[in-house]
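Dropping the structures in below, format is structure tokens.
Below are two complexes that have chain A in common, paired first with chain B and then with chain C.
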Partner chain A sequence: MHKTLTTTALATLLALGATAASAEIRIGASLSATGPAAFLGDPEAKTLEMLVEQMNEAGGIDGEEIALTLYDDGGDPNKARTFATRLIEDDEVVAIIGGSTTGTSMSILSVAEDNEIPFISLAGAIDIIDPVKPFTFKTPHTDRMACQKIFEDMQKQGITTIGMISGTDGFGASMQAQCKAVVGEYGITVAADETYNPTDADMTTQLTKIRNTEGVQAVLNPGFGQGPSIVTRNYRQLAIDLPLYQSHGVASDGFIELAGADAAEGVRLPGTALLIADQLAADDPQKPVVDAYKAAFEEKTGTSVGTFGGYANDAFLILTDAIARAGSAEPQAIRDAIESTSGLAGTTGIYTMSADDHLGLDLSAFRMLQIKGGEWTVVE
Partner chain B sequence: MTMKLTPKTATLLVLVALVVLSPVLFPSGYYYRVGALIFVNAIAVTGIVILTGYAGQISLGHAGFAGIGAYACALAPVHLGLHPSLALLLGASVSALLAFLVGRPILRLKGYYLGVATLGFGILISMVLNNERQLTGGPDGIEVPELGLRALLNDMGLDLTNGQFWYWFCGIAVILGAWLALNLHGSPTGRALRALHGSEVAARTVGIHVARMKLQAFVVSAVYASVSGSLLALQNKFITPDVAGFMHSIEMVTMAVLGGVGSVLGAVFGAAVLTLLPQVLTVFAEYEQLVLGLVMMLVMIFLPQGLLPSILRRVRGKDE
Partner chain C sequence: MPELLQFLFSGVTVGAVYALVALGFTIIYNASDVVNFAQGEFVMLGGMLTFVCQAAGLPLPLAALIAIAVTSAIGVAMNKLAIEPARGAPVVSLIIITIGASIFIRGGAQLLFGKQIHSFPAFSGDTPLRIGGATILPQSLWVIGGAVVVFVGLWLFFTRTLTGRAVLATSNNRLAAQLVGINTGFVMMLSFALSAGIGALAGVLVTPITLTAYDVGLAFALKGFAAAMLGGMGNPKGALAGGFLLGLIEALTAGYLSSQYKDAAAFVVILLVLFFMPQGLFGARTVDRV
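And then the complex of A and B:
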């Protein structure tokens, strides 16, 4: 997918490779707009296109328009690497946003580092920014942070023994490992540890096993896609009377629809401010950016906002903020400005980056949410 | 045309000329990357030419061997302390051994049955890479150590960018691979393979050990796929189980069939077309898959022997 967005009628010509006007800032993106990770990449691509259009209508950054070159890597890390090379060598972009998945991000990362081009990833894994690499940043909180937030909440409830049922896809497997790595710090033990394949249609066997495990007080389900919805439905069918925790991977209205409001009743998960936009306090520092993004995205696409599009929104905010502060579109200057991002409110949280933190979020970025009557509510 | 040259020399000359002269036309470093990818694919497809083009056997699981080659380069340097170049050889040996063990029973099958059996093999490898998380990093993939040869060349005063280095490195590998495949074509083994392709019964009656010959072709083509996977992993410095995925197996066979499954040059040609097309078609955005499918259907309908052999035949005026 190759779309060069400008407000001029020359858009098509530009897309075919004609050289762009000099007074514009070229940024690139490689996202998984199609393929197995399309539920991440599609809202991300739409978000970026929308934001570039908005910004150019408003006069760009210091009068310079932004030209976005967007490729669809289909979730294939090999393609993502080729597109990253193409963005840098051929399209001569000054920064790259993207990598919807951990695999594609890891592929783009080494190209960006080799060529010293700032890169903001939209994928979850902690490996992307740990250890810190000079030119690589990311916007989503890590799955370890999601685990910590969930265990914090369990601790408050006095829960000490849990069962886990995790998807075997990249997201589920990675979060399962991260949760097991930090669970001890919260004085919680994992008594049952089950998995399912992302395409499984029934998880009652695994859930029955967890139910029959002595002492289990709550169940945690790291996973995304349709798996967690099926887990939630099976959970109610088996009438398991224990708190059910889902991950931030299903923090969207789609999850409630898929699982059904009855089955999803009482489910807890760590989510972002974006899901509870209408419940945010008027003085919440995230409220303006959340409201603006939600209104614009829903008007533009006619679909409700989700956490993933928000990641792209935040990446774009961080990047354009950095370019404006740097007063330059030189990759090195942009990199330095991104690293000094401070107190920038995004939809995911408030970003404050530093030389040894290229994510810039802490646990407060997550809000513990509970589903009540088919709606998201904040757990106090 | 090339009357005095043997087809083997002619093919090699064309290949060398392509590899050496193409960079003259490259407007930016990105084209070196695409070139290197074409060569990586061409190596795997040359293996398919030996298996399918020469011996007439089908494999829908060769990406499994590419996966073994790729993960050997990711894992052996870390766990066994091997240099990445030795890891490539280790991967090739493991692939050969596995092909030998698996090939014995499944090459008794023919046609669809062989296709399905190899398909199962490929899926098994892909599942192992996905599920053995503590070793392979699972679906998120794993980092691959630097080969280190480029730094060595830089020390010797040959300053290549990363893209250029992999272009030349894979270019040399593809020429070597083609040279071996062409030598095999004319050797007694190659003739035996082509004979059993024509008729297994007839081949057996003239004293060819059919089972052994098929197994040899399977092992050799597995090594090609493994080397191709290793080169991809070393070049990308990161690898995910996608490399062993079903789609990658299909891609290899499609490239071979599209280019012309009986010819080594066709393999390179098919790899080039199918690697380049998605890059060119990015301007069609959503219609990319549609155009890709249409191109393949048209080629199969109008040029059933594959692009290159059909074109050459027209050029030489031997079209019936």
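And then the complex of A and C:
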């Protein structure tokens, strides 16, 4: 009862606000633009600001401008909860994008669900949308899907025994756990399971152990940041000639630059269409959106696009598409429209949501990429 | 056998990085008993400024010199603006001030340089040297060499020069040092400049191996501090030995036990050493001199 009252009051306020402020659509975001998850939140925040600016220059949605309220939660779930409450109660937004990390997303999620405000998360964990919650959606594929994509590729090459070297940061640890949970389904065994700290300077010890483990046919490195670059360099230093798989966490041009084109030669990883924008077929449904985002982001920030900024781009596309289709900026109508998103091409993949799928991507969203001559190429 | 050799090379590479950072702690500690937790930030600044200068088109040696000079200036500024105004405060307060300074420098670096990870080319290429079936990168030799040179320099400075002895005297008793005509203000300024310079030099040498970003300083400071404590705070010999020992313990634990336990093993050894020898392996001899 209390909840309905609040919502009704909120809806009335929103309706009043909308007429008073010459019809603008207020959306909110809480991202980790600083702090330990800044590598995620920084490109996401820049992407959202850029997209809102672009859309308003082009006349907004049906002539209504978008007002973005963006908070920096620094990766702290408590702050994210406060900001989510503030976004809903003070800023009166109709939808929230954000939660760069799984922790912050879970905080925002509970506030958004209580207040029945649609929320699109940018974090990886499957727990965010499984079990399905009515108002919560997410754009990134899950860690588990990345593992599955990698193991599919290994299976095709007849690899049955692998070594893993994982970062102990949140990203690496989560993906390590997910990979070990699904590896059995592909008839692959993990013979060596090593870890490193994200700040370690040398991983030759762990790699020597993996190399000396009997039967290892390939090495998988779930990790983020400088760790995978150092692993790749050490891998070449030790002249290990087994295939090396990296994760989607390092899917950006920066990785090739840091590891060095020579060391990175032959490295495989699951990436998105964003990385191979110039190689997409002219009739690829993702080509227009990928080209547009890449050109705009690189011109605006001077840094190369990465997977994470792409998540924010896709969340914004899904949200604005839903508002346009709903023809209304009422939270319930937006939620219903997001859930009926169908065949929407984003940078990460093609989204088709349903009542029991609030992610809307399958394994085909990932493309198996290999580094050749310092460039990304698609593995057929 | 090549396996053990590879673990040792890995340990020595990492140990040299720790030793270089640990050496940076000694001067300020010797001058004021303050453990400068912004030392890691000096290492970050050394690497980051070198990258920025090099990206702007300067040759690497010049870029490195500028980075070291600028970082020394920042060290002096930190002394003038943060430490000096609090003169007379207890050592613990000063240590807390250095933590504040490190957060400030990190935040400034984040605003100025962004959050990207950067690196610059190794000095003598990336072709690994093969010795007895194991490999080591030429850059590791630069880091080891750098640590040894800085160690010898510091040892000569503290035992053979008047200024070095003045630094030790200031630490022992500031008032007495002033009475015998030592300009303690100058000694403090000098020690911050030297410490920052050594930190920056460490940054220049290790960045091709460890890469750099605005937030790497904290990890450097913690490991360098642990190495310095293990060897004995304030003693260059201790910093050098502590650094290499820590690196080797980590590598051998990762190699023969499990990489999950490598940090734990290192800290257990440090705890044991400090329990039985509270002054660290090489003790704080300077305290006994008067």
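Assume the second predicted complex is superposed on the first by the 359 of 380 C-alpha atoms of A that agree within 3 Å, B and C clash if a C-alpha of one lies under 4 Å from a C-alpha of the other, contacts with A are read in each partner's own complex, and residues count from 1 in each chain.
Criterion: a residue touches a chain if its C-beta (ideal position, glycine included) is under 8 Å from a C-beta of that chain, and two chains touch if they have at least 3 such contacts.
As the structure is a prediction and not an experimental result, all values here were calculated from the model.
If you put the two complexes together on chain A, you find that chain B and chain C both fit without a clash. In the overlay built on the shared chain, the residue A:226 is in contact with chain C alone; chain B does not reach it. Of the two partner chains placed by the overlay, only chain B lies in contact with A:76; chain C stays clear of it. With both structures placed on the common chain, the touch criterion links A:106 to chain B but leaves chain C unconnected.
By the document's definition of touching, neither partner reaches A:213: not chain B, not chain C.
Once the two complexes are overlaid on the shared chain, A:114 sits against chain B while remaining clear of chain C. In the superposition on chain A, contact of A:263 is made with chain C only, not with chain B. In the overlay built on the shared chain, the residue A:177 is in contact with chain B alone; chain C does not reach it. In the superposition on chain A, A:161 contacts neither chain B nor chain C. After superposing the two complexes on chain A, the shortest C-alpha to C-alpha distance between chain B and chain C comes to 5 Å.
Contact residues of chain A toward chain C in the complex are 34, 36, 38-39, 42, 194-197, 199-202, 204-206, 208-209, 212, 225-226, 229-230, 233, 237-239, 254, 258, 260, 262-263, 303.
The part of chain A that touches chain B in the complex is made up of residues 1-3, 15-16, 71-72, 76-79, 81-82, 85-86, 88-90, 101-103, 106-107, 109-110, 114, 125, 127, 168-170, 173-174, 177. Against chain A, in their complex, chain C makes its touches with residues 3, 6-7, 9-11, 13-14, 17, 110, 114-117, 119, 126, 128, 135, 137, 206, 209-211, 213, 215-216, 219, 251, 254-255, 258-260, 263. Within the complex formed with chain A, the chain B residues making contact are 27-31, 33-34, 37, 130-131, 133, 138-141, 143, 162-163, 232, 236-240, 242-243, 278-279, 282-283, 285-286, 288.
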